[in-house]
Structures are given as structure tokens and as C-alpha cells.
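Let me begin by presenting the structure, written as C-alpha cells, before commenting on it.
Just so it is clear, A, B, C and D label the chains in written order, and each chain counts residues from 1 on its own.
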């Protein structure tokens, strides 16, 4: 910084500190006497994750559940459905790692994700799952599309193996992201550790079902429709349950972005699922419209949960109040 | 490098082979971290110095590498400071090589609207000329009432509290010999 | 300096910082030690952890207060009332350390008939001359003799040739060991402070009686043979129109409690610059020569010897001042200084009563000063009344500014509030400006003298870059160039330059002169060129040379003692082998007083230096500040002079009488005893006397330096609040070394003003908002910090608010802001000519200050309104001396 | 991993993974009762670790303009002014009764709390546990350090810290050799996470951390953790005997939610007043249960989807 301009640029930079003058208008001593968090500044840091992340939660869910649907379709000899599920899954499986790499502070170092395998880190575990699942489903999909070529026939065992692997990797891929955010110090995520993997699982099922149903002829898409409807119902039920059980910490779902996206999620999911359930069997158009609504609803759900984390970190009361309660229940002066 | 070595240097493999299953400890340590050393260990010389701010007189050690100061910190041997420094003393290096430090002579001519460049030696000559001229023009041999004066009141000098004793000595000696008596600093306590 | 100098004999701190750990009570007053001397403060914390009481007396609750056992809030500028109250408490309760007081102080000395106290003349001492508006100090002398002070304005009251009267032996002729004689110092003291009762103190200072009494008791209970107390002060005391007298009051307390010269007992003057002590020892001050020798004035002394007689005591170690003086002349003019030409005494220019920096500013404003050199100082915002300072710089013909960065004093001609307001512009400023980049401490060898008189050497770490040079280089090369220009001159006025010893070895491409060679000259040598080991070896016959007699010994045995760095864990706590302390490496001066009159330690707990009858010499942990072999029983011959005139039981060896001066018969121009006066600008009358402010303070007639109306005058209500200015830990003085430094700027990134919530409510100020502070001089803006730390005080039953302003900011640097000194006036203290920036009046209003010409309008408008209300004339007749 | 569920007070990967290289566990004891709020620790840390300036923002929050620990501030001095007594009742310094004046209509009680905050180097560290790359690791000194040559800026550690210490650096990235062809992927920001390393490099060289060395009053004490805990206990007893208002230790208890801090504190008020969580728990304490529930959820999803194939004809 050698001139004022540079300084002003620097000052205006969002470099990790809340900054700015405290809004307090009385004596700073009075504030110091009564404050129960340091000038109201956050205690835990807001996540530094960009929008790529909730999008990944969504695509990852689709990829995971789609692999499962594809596998089940094969088992039930519904090859039309299987083929489409495989492609949808493969697309989602390709988008997912790209989104993750885009979000890194040092994208050129994405390979460092493979440096270790850490069971204490859902992200580490998830990265390996994504690697395996993505590799497998894309291999399978490629071979599926190239199947008309005779040369490829020799590779059928590889294809079957790839399909099997992607089939098995599906469920963990669809649910680990719930564990990932629950395994943080963000109150609204951490306290929801019993619901989030389930919620994300259900959401994955419904969005994958919806996506596949949209691209499959109604006569073959039955299971996908049922997955979309059932998943949506489960996701809605789990959302209500989670928000209710979280109580004080869950209040962030009644505020700001979390509330806005939450309402969209509930409305769109319900409407979409309803439409598919009532008309999907007969009308392709209804399935496409309903599917789109469900997909949108599930994306909004991920966004609602994502934003809730930021809001939960921004206001220190969500960190302080529950912890003081714990201390009180233990009947001790705080950690003396 | 053979494949074995490559694999062997892969933390994932270390993790499993070297008893760090959780990968929280040594297995995660990078080569750079293993080799890490404090940069003062690489200093060519260490100069004993004294903090330039207040008059507590904290002892400093200045570590120098390739003709640059790479670190300044307290000297634990000092009976006064025991190696400790206040924020100003701790920022000595930041002051020494700060972004706004000036290294070139700047000249502003009478009624000029901007700085101009000037060679150091030329500046010294011009200053010497100014002093001689002004001294001649304002010399006072005696006061109005005939008392001895041997001085000029046309030139003044301000500063000293932040300078070395030796610098103050030469300043006082030269200016007194020139008959300049308005030699002052803010050490008025 | 004269505060301590006239009391004890030397102007320096009496002890080393580390010794604070041995104190049983520490009073920090006029200082914010934790913030401005944090590393030295560790020794206060050590003492506190050992159970010592720490008291902080200050208008503000600071980081020092936060660490203290108790903070006592007082009104800015009432320190003498508070300290005088302590003196009264000690005397009226007989809590003084009697043996110490009787033997080691001048309590027993009888003062001459002419002396009349402020009690008799309602705030004025005897000898006040309303015409000259100054005192005839001879009326304050001892009975039957005329003594010189060891410091201060020493010529005062002595005719050019006149010396001390000579009953000889340094023994004042009239004494009363029972301390009962009404004219003995002890009784005078008692009477003088009788009216400083606890209730009066509380009324003047605005503190509670309980807090005050508690403090008094803490001091008294920690005095005597077993216990000692220390007092730490800084510019919070000095920067008042009564600054020197505040310090004198502390000296009186420490003498009465018997603390001086004893472990844990001291007055620690906390200096604010790395070498501020050094720059008075080797003075870059107009009125002194190296070693506190008085600079000759425009008088015909007749001879060097006569000048010495007329300006220094003939007894004690100043009795050898002729030797110090001749050695100095030899150091400067070498072989050219001979007995025949009276050691070149006439080469010395002569000074007036006042050629101080503020007088010079006046001369600059009037165009009498043509050229100015500024080295490592920033008067444009660092000196009182920044606007006057900047306008003055703009009226010079040429100006040289040497600094690390482009400070306000270099950029005043294009970037200043006056340029912004349109008052001046580059096109109207004729000053030729040379900005010369300076070297940092890491780029040069040299020594600093720290706050405890300790010389510490710092070595060059790296060469300076490009044009950056040290002051040593600058003044040496400048001298060379000037000598070159004048070498053929016939003009006698050029002889001092032609004959000046000006050859120092240089090294490197930059031709940097050797600082060590300069230090050797300062230390001095004998006729064989051998480095001298002590000032006691200096001679008046021209056989020795010494650039600063009190530094003699810093190069003893040809080694740079200042560069010694024996780790503290390898030596006793006094640490005699780390650096070198003047004089003669004595760390706790006057330490003869750590033993009783017979030379035995007062107590085991406080043992430091004592008489060892076996070895027949003084021994102990510190270098004895006494002739090593002079026994306690020694009594001077009637006709003795110099050191021989000091008895073996007199610890203050620089004093004419060897005693600590409770009463200063000479050396100060504003009174032999400290008396409470209100600051030059104060909203309050003086509750003690009709005389409101220090009558001897130096005012001026400069149009650029108007004063706010004060109590008693109309219009004072326009400026109802008292401002006190100060530093923060994160910055240094006017910010030249810190506002330009990122790691420090970010810690305190903006100018702010501290106010109490009640004042905020009164004036509609909002925390975090902006406020404009106005005086008759200028107006600045600052962010508002509303805090209980600015404790209001209750003065005479009325709540009074004070405004706190850090003074680090200016136009330049990474962080910029209003310069607090722009608000201050240039009325100064008469003994040391220091500005009063710790207490002056102001008004404060919400919002940012107006820009452009509107700023001038605001200030002038308010001033006009105030003056209009002021009774009678545009400006009340000044009651005291004016220096223009 | 199960030992994460029940904090043991001993780090998971120390000392065992280091064998002979293991050193005693080092840490800080920050005693706020002798902190003078000078911020020397902040500056000394920046000088040593070459941390960029953190912006010039005046906050008005007493004398704190640093606001928080983050990527560019690894020591942060908090300032809290309070209308409270520094000492509870009369303290007995032989006769000195501190509270008297206050009780008898003296000035309002007033105290100024200052505390130098820093990374806690938890026994069970959330940031360390969740780091997918191993950029964060437990050193031979038992401290928690980010390796700038490994971190890929995934950002997982940021919300995983119960204290909000570690943070991603958003300042422009300094020129450095990015891997071949990877420049295309590079971003303008530094993008990595940073925090106190307890001066890992200095420790390796046998020097104490910069902040502790600079601290003028020794408020920041560096040493072997066991010894520091003992010293802190004694210190608390002394302060309580002197009736210091609100004196308590924070983070010294190996039984707390993070298994005790490697850098713990003596505070004079509730932790949250200093911006510290009252009862921090490492997220991974719940991980075993979380993994189980995730596995169940995965299974449930599988079953649910399977159910979609049974029934419903075609």
C-alpha cells in the first residue's frame, strides 16, 4: 500500500472482518457492562462457501439417487428407465466435482483432496465417494451410449462392474452432504445432526425421481414418479420436524433468506409432487411441469438450509444462549 | 523416483503404514513443514540495537540477510526490557521499511507548486550556501545596548530528542561555532 | 529539568526503572506509564505483584488506571493543589522522616529577612516587579549567604562578575536543627501549605476527600527506615505553565518522606523520546552548554572564570565547573583554545533571556528568522498552535526538513488546513524547501540516553538506501562544506568556524563519520591522548579535553562502555555492566542517602550503599554517588571550596550546600516554593489566592495566537470545557514514525475525541459520530468516543467535564485526522519555555468541521463573540511578561 | 475415532504418531489480570509471520480496532469497559481498603478489561479433524498448524471452529509458483486459510513465539502445557484471595468439550463478554453418532427407492 487510493481500496475490501463502527449510541462503557457477547460480533465464523456449494448438494443428491434408481431399474428389467437414470446420474456426477473445484480458494490444488483419507472429515470421505461414484457412473454411461459399436461389446463386464459400483456409491453420495454441514460449529446445522442426512437423502430421492421422470416416457417412469412423490413427502415432513425440534436455534428459518427459500421449497415441492401424483401417469406435460417444480423446490430447500447456516453464525446469540443453558444444566460456572 | 517411493511419500499411504490412521498427525506433515526453520536462523549478521521510540531504552536485535533487515525483536539480555517490546518497538522493522519511507531528496523552489528532484550533493551545497549567506546577512556582533552577542538570530535549528547523542553533539558544536543560538528540541522537561 | 535539578542537583531521573520493583508504593501522576512506557511498566507490575500499592492520579482513566490499585481522577492542571495537600498532610500529622529531613535537606536552613510568602502577598512571593512582570529572586536567598542553584536560570540575581558570597565551607551560616525557627525552611513550608487542606484539595481538584486521604496514608505508611515509595511522572506534569513547580512539589514530598537516594524510592522522569534525556545532557537547547553548563548570555562577564562564578555554585562538584568548561572549549577548539585567549570564551555566541523555540516561532512570523533546519521533529502538528507553526514555516526564506517520511512540516506548503481553507496557497508561500531523507536507527551507529540516564549503544545493521543519511553525516558534511567556503575569510566572526576541531574519520562509500570517534571526543582525553575515566580528572589548565563532562567515563580505558551488554542474569539487579549511566555509571543517584548520617544502612531491607569502616570507603550494590573515601564524619574546613566544602553527611553533592532543597533559594523564576495557580486558560478562579495563573508565565502578542477568555472575564462561557491532550500506546508523538507504519496505523486508524456520556448528552454528541472542537486558535474534527473513562469532576460543587484528545494525527500518512495541537496556545512556562497542552479550554459541538473558508469563519466568529462579551477592551491587559 | 466422542484431554495424533520426534506439548497461558492492552502481541505476530495489514477501520469499540481473530490477525486484544469494581470487597493490602471511597460516594466503579485472544490449539480441534487435505495437522509440539503449501482453500475448517478463529484470506494472492498448467484455474485471492501457528518455525528453532516474547508484562506466558496449567491454578488462588471480581480460568479443563485448550486464559468475566463461547464443543464429538445416522439415512433412501419399484404394475 503506497498511496491513499490503494489504502481506500484495501479498506473497502471484504477481508474477513466485520469492520465498521459499532451501532451503539450510548456510553461504550455502558455497553461493555451489559453486553453478553463481544459488541454483538459473531463468535463462530460464517462459512466462506460460495453458491456452488448448495448447487452441489443438489446435483450430488441427484447423482446419488439416480445411480440407485438406475441400478434398481436394471434389476427390474426396466431398461428404458435404467438408461435414462444412468445418463441423468452421469450428468449430475460430472457437474458435481466441477462445482466443488470452482468453490475452492486454490482450485489448482483440487487433487490435494486425494492426499489423504480422513474419517473425521465428511468432506474427505465425500470426495472419495464422489471420485468413485463419478468415475463409475460416467464409465457406465459412456459405454452405454457407445454400446451400438461392436468393439465396445467386449467391455460389457467393465460396464456391469461400473454400474454396480455406481449403484453402491449412490446412497452415501446422496446423504453424506447432510453429515458434512452437520459436522460444524454452526448451531443450526450442528443441532440438526439427527435430521440433515435424512432430509438430504429424501430430497435427493425426490429430485432424482423428478429429473428422471421428466425425461422418461410415462409408461416406463412409474418408479421415478413414485420416488419423486415419496421423496418430496418425506423431505417436507422432515423439514417441518427439523424446524420444530430445533426450537430457539431453528428460529433462523423464520428469518431472511432461510425463510424465503424455505417457503419456496415447501410450496414448489408440494405442488410439483401433487401434480405428478395426480396427473403424471397420464400426461407427459404434467410430469415435466411437476418435475420442474420438484427440482426447483429441492434446490430451494438446499439454499434455505445453506443460508440458515450463515444467519446462525452471524448472530452470536445462537452460539451463546444454548451453550449457557448447557452450562447452567451442568450447574457450573462456565468452564472454571 | 521409483513408483514405490512415490507411493511411500503419499500421505494416504503414510497414514496407513505409519500408525496415523486418522491422518491427524505426522502423516499429514508436508516436506516443507519437516524442513521448516525460523528465518532468523538464516541471518548473515545480527546487530545489537536500541528501540528508537520512547526513552525506556528497550534492547533490540536486528537480523540481517543479504543486506536487508529480515527481523527485529527484543534482546532478552537487557536488564531493562528483558527482551520485551511494545507495539511500536515491535513494529520497528515495519517503520524502517514502511511503504511511505522516503529515499530521495525532494526540492521545492520558492512559490513552487510541486516537488522537484535534486542530487544529494547539490542539495548539500545549496544548504551550505544558504547558511553562509543568511549568517552574513543577519550577523549581530553586539546587542543594541552594546553587550557582546557574536551571533545570528536569522537561523534556527529544531530537533534532537530522537537523535543519537553523537549527532546532537556535532549539531550543537557546529551551530554554536556558527553563532546560531536558536538550537532547540522538545526536550523541555 | 530544573524541577529535579534545583531540588537535588541533577536534572535526570534519580533512579533506574528496574528499581521500581523495590517500591512499596508507586504514585503515577502526570504520566500514563502503561500506555506510553509499556515495557518500563513491567517493573510497576512486578511491584504490584509483590504487594505494592499503585496509585494513578490523572484526569483520565487510562490503561494505567486499569492496572492501578486505585485511580484518583482530578481536574487537569490542579496537580500542585493535590501534591501540596499531601505535603500539608505529612507536615500537619508529623509523618515526615525526621532524621532524613534534618540531616539531608535544607529544612533547617534559615531564610533571609526579605523573603515574603504567597500567604502574605495573596499569591505572589516577595520581589514581584509588576513593571517588568518578573521576580527579583534575590529576595528568596538564604539568610547571610547567596547561593547558586545547580540548575535552572542560574544567572538570575547575580551580576555578570558576581559569584556566591563566601562564608565558605558551603555551610549556610544560619540553621536551626530544632526546625522551630519561624524563618527556617521547615516552618515556612508548614505555613505555605497550611491552607492545602483535604477539603480544599477535593474542592480544587474535584476528587473525593476519602480517595485523597487514602493516598496520603499509603504514602506515609510506606515511608521511613523500612519502606520506600516512588513517583513516576512525564509530560503530564511538565506541559503546564507551572510544570517545573509541579515537579518541585513531588521533590518536596519525596524529601520529606526520605525516599530519594534509596532503593524503591525515586522520582522517575519518564521521557518520551529515545534520547530526550541525551538531548538535554548534550543540549540541543539554546540556554545550555553540554553538561548543564549555563550558556553565556549577552552580558559582559569579563572572563570565562567570572562567567563560571556567576552561573554555578562554587561548592559541591559544580565548584569544578571551570575545569568542565575549559575542557569543553578544548574539545571544540583544541589547540586554538589557550589560556591567553581565555580558552576562546569569546567564540561562544551569547543568548538572550529567551531564544526558545516558541520565541523563534514568533520571530519567524515576523520575518526575522530566514533559515530553519528541522531534524526529526514535526512542529507543523507537534508543537502548540499548529496553524501559527505552519504560517511561520511559510514565512521563512529556506527550510531544511530531515525525516524518514514526508511529514507535515515538509508538506505544509501544499497540504495543510490553511491551504484547504484558502488562507494560503503554494503560490503565496515563498519558502524554499529541502526535504532530506534520514536514516533509521537500524542504519547508523550511535548512543541513546534513556530515561534513567543510561547510555546505550546501537550498531548499524544495514547501510541507508539511496539519499538517506544520518544526522551525523549531514551535520559533519555540512560543516565541511561551510569550512571550505569560509577558509580564506579575514572576518573575525568566521574564526570560530575556521578553527573548529572538525575532523572525524569516515568510512564506506557514503563517508559516514565514525560515531565512536565522536563519543571519544565527548568522553575526553588527557594531554597524552588517553581516554579519561572520570570527570574528577578534568583540569582547568587546558591539559584535558572533554565534550560533555557528565559523560566523562563512557569511554574509560578506551572501551565503549555504552556498548556493554552483559546479560542481566549474569549480574546484580542494578546491572552496572549493561551500558553506562551518567554520572560515573551511578544508577541510583544521591545513593549516599540510602545510609543514615553515620553511614549505616537505614535498614537491611533497604540497604544499597554504606560506609565500610574496615576498608574506609563507601561500598554497596551501586556505584556510590559520593567521594568513595570521604567518611560520614567528614566536616569541611571553613575556607573549603568545591567538593571539599561538602560534609560527609551531605548526599546531594551537586548542591551548593550538599542538601536536598525543600525550598529553592535560587534557580527558578516563578517562586522558591510551588504554589497552585490555574492554567493560563481555565474556566475556574484560583480558590487559594487572587492571583489566578502563574504570574511569571510567558505570554505573547502574536495575532496568530489569541487566548480564550478565562474565568473572571466575560466570554469564557464560549469555551467552557478543558481539553487535555495525550498519546496512545499505538502511536508516537506527532505520528511521524507510526502514522506512516501499517501495523501501527491499523491499531488506531483515526483521530477521536473522548467525552463522558453526560457531556455527550449536554452537547448532543453521538458515540461513533463526529465532533468539532473549537478554540480561539482553530477547530478540528474527530470521531466521538463516549466513555465513562472521562470521569467528570466536581469542582466547587459544580460538575465539570473534560475533553480528551490524542495528538497523533495530521494531514499525512496512512491514517489522517485533525491535529490536536492546532487547538493549543503558545503561552509558556517561564523556567523551561514549555507549552501548556495538558490543560486549556475549548468548546465542542456535534458534526464535522466546516470545509474551506467556512473553517476560518467558524473560528473567527466564535472568537469575536467571546471577545465581545469580554469586559472592556478587545483583549484584557496581560498581567505577565510577553516574549515578543 | 470413538475417543473423539469422549474427550480424553490428550490429542488423537500426539505424541504417538511422532515417536522419538515428539516434544512436550507447548501452549500459552494468557493472564488477563496483568494485560495492559498494548497490542504488542498483535504487532510482533504480524512482523514475524509477515501477515498483511488488516484494514484501517475505526470501530469505536473502546480501543479495539482489530475486531476479531481472522486470517490477517492471529492475536487480537479485546477491550471491554465496565461499570464494575476491579476487586469485590475491601482487599487487604495491609491497610489499603480499595472499596472504601467507592462505598462512600467516590467515583462510579470502573474497570477496563483487556485480553489477548488467540487460537486455542484445542486438544480436539474441529478445524484439524474436518480438513480433507491434511493441510491442518498436529505438530510434534501438540499444536495445530495449517500448512500453506497444502491448503486448497476448501473452507471446511472455517465453520468447524467453535471459536471462529481460522479464516480464509481474501486479500490478493502473492506471486508464487502455482503447479504447471494450473494457472488457468488460479484465482486472484490468496484463498487459503490462516491462523496462529504458535510460531511453529520458531519452536523448531528453539525460540519462543513472537507474541509471548514481546508481551511487556508477561500476560502471555508460553511453556509446557502441564506446567502452565499448574501455574494458572496457583494464580487463580492468589487472585481469588485478593477478591478479584470474576476471576476464572477458561479452557484449562481437560474435560471440556474440546478436551482442554493448548492456549488457555485467566478471565475476569464471562467468556462471551470477551467474544468467547461459554461451552465450546468440537463438532466431531458427535461424528460417530452422525456417521451412524447417515448410514441409516442412506439405507432408508435405498429402501425407499426400492419400494418405488414394487407395486404399481408396469
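Just so it is clear, a contact is a pair of C-beta atoms (placed from the backbone, for glycine too) under 8 Å apart; a residue touches a chain by one contact, two chains touch by 3 or more.
Quick caveat, the model's predicted, so the values are computed rather than measured.
By number of C-beta pairs in contact, A-C leads when A-B and A-C are compared. Each chain gets a centre from the mean of its Cα atoms; the one farthest from the centre of chain B is A. Nearest to the overall CA centre, using the mean of each chain's CA atoms, is chain B. Mean C-alpha position of chain A lies 54 Å from that of chain B.
Averaging Cα coordinates per chain places chain A and chain C 70 Å apart. Taking each chain's centre as the average of its CA atoms, chain B and chain C sit 26 Å apart. Mean C-alpha positions place chain B and chain D at a centre distance of 34 Å. Residue positions of chain A touching 2 or more other chains: 1, 7, 21-22, 24, 28-30, 115-116, 118-120. For chain B, residues touching at least two other chains, in rising order: 11, 22-24, 27-28, 72, 76, 84-87, 89-91, 93-94, 99-100. Within chain C, contacts with two or more other chains are made by residues 38-39, 42, 729-730, 742-744, 747, 767-768, 783, 785, 787-789, 814.
Here chain B touches chain C in the complex through residues 45, 47-60, 62, 64, 67-69, 72, 75-82, 84-96, 98-115, 118, 120, 123-132, 134, 137-139, 141, 143, 147-174, 176-189, going by the rule given at the top. Residues of chain A that touch chain C in their complex: 1, 7, 21-30. Residues of chain A that touch chain B in their complex: 1-2, 114-120. The residues of chain A lying in touch with chain D in their complex are 1, 7, 10-11, 13-22, 24, 28-30, 32-33, 35-39, 41-49, 65, 68-69, 72-73, 75-76, 78, 101, 103-110, 112-113, 115-116, 118-124, 127, 170-172, 174-176, 178-180, 182-186, 189-190, 193-194, 197-198, 200-202, 204-205, 209, 219-220, 222-224, 226-227, 230-231, 234, 309, 313, 316, 319-320, 323-324, 326-327, 333-336. Residues of chain D that touch chain B in their complex: 1, 11-14, 16-18, 21, 38-40, 42-44, 46-48, 128-129, 134-140, 145, 147, 149-150, 199-202, 204-205, 207, 210, 213-216, 218.
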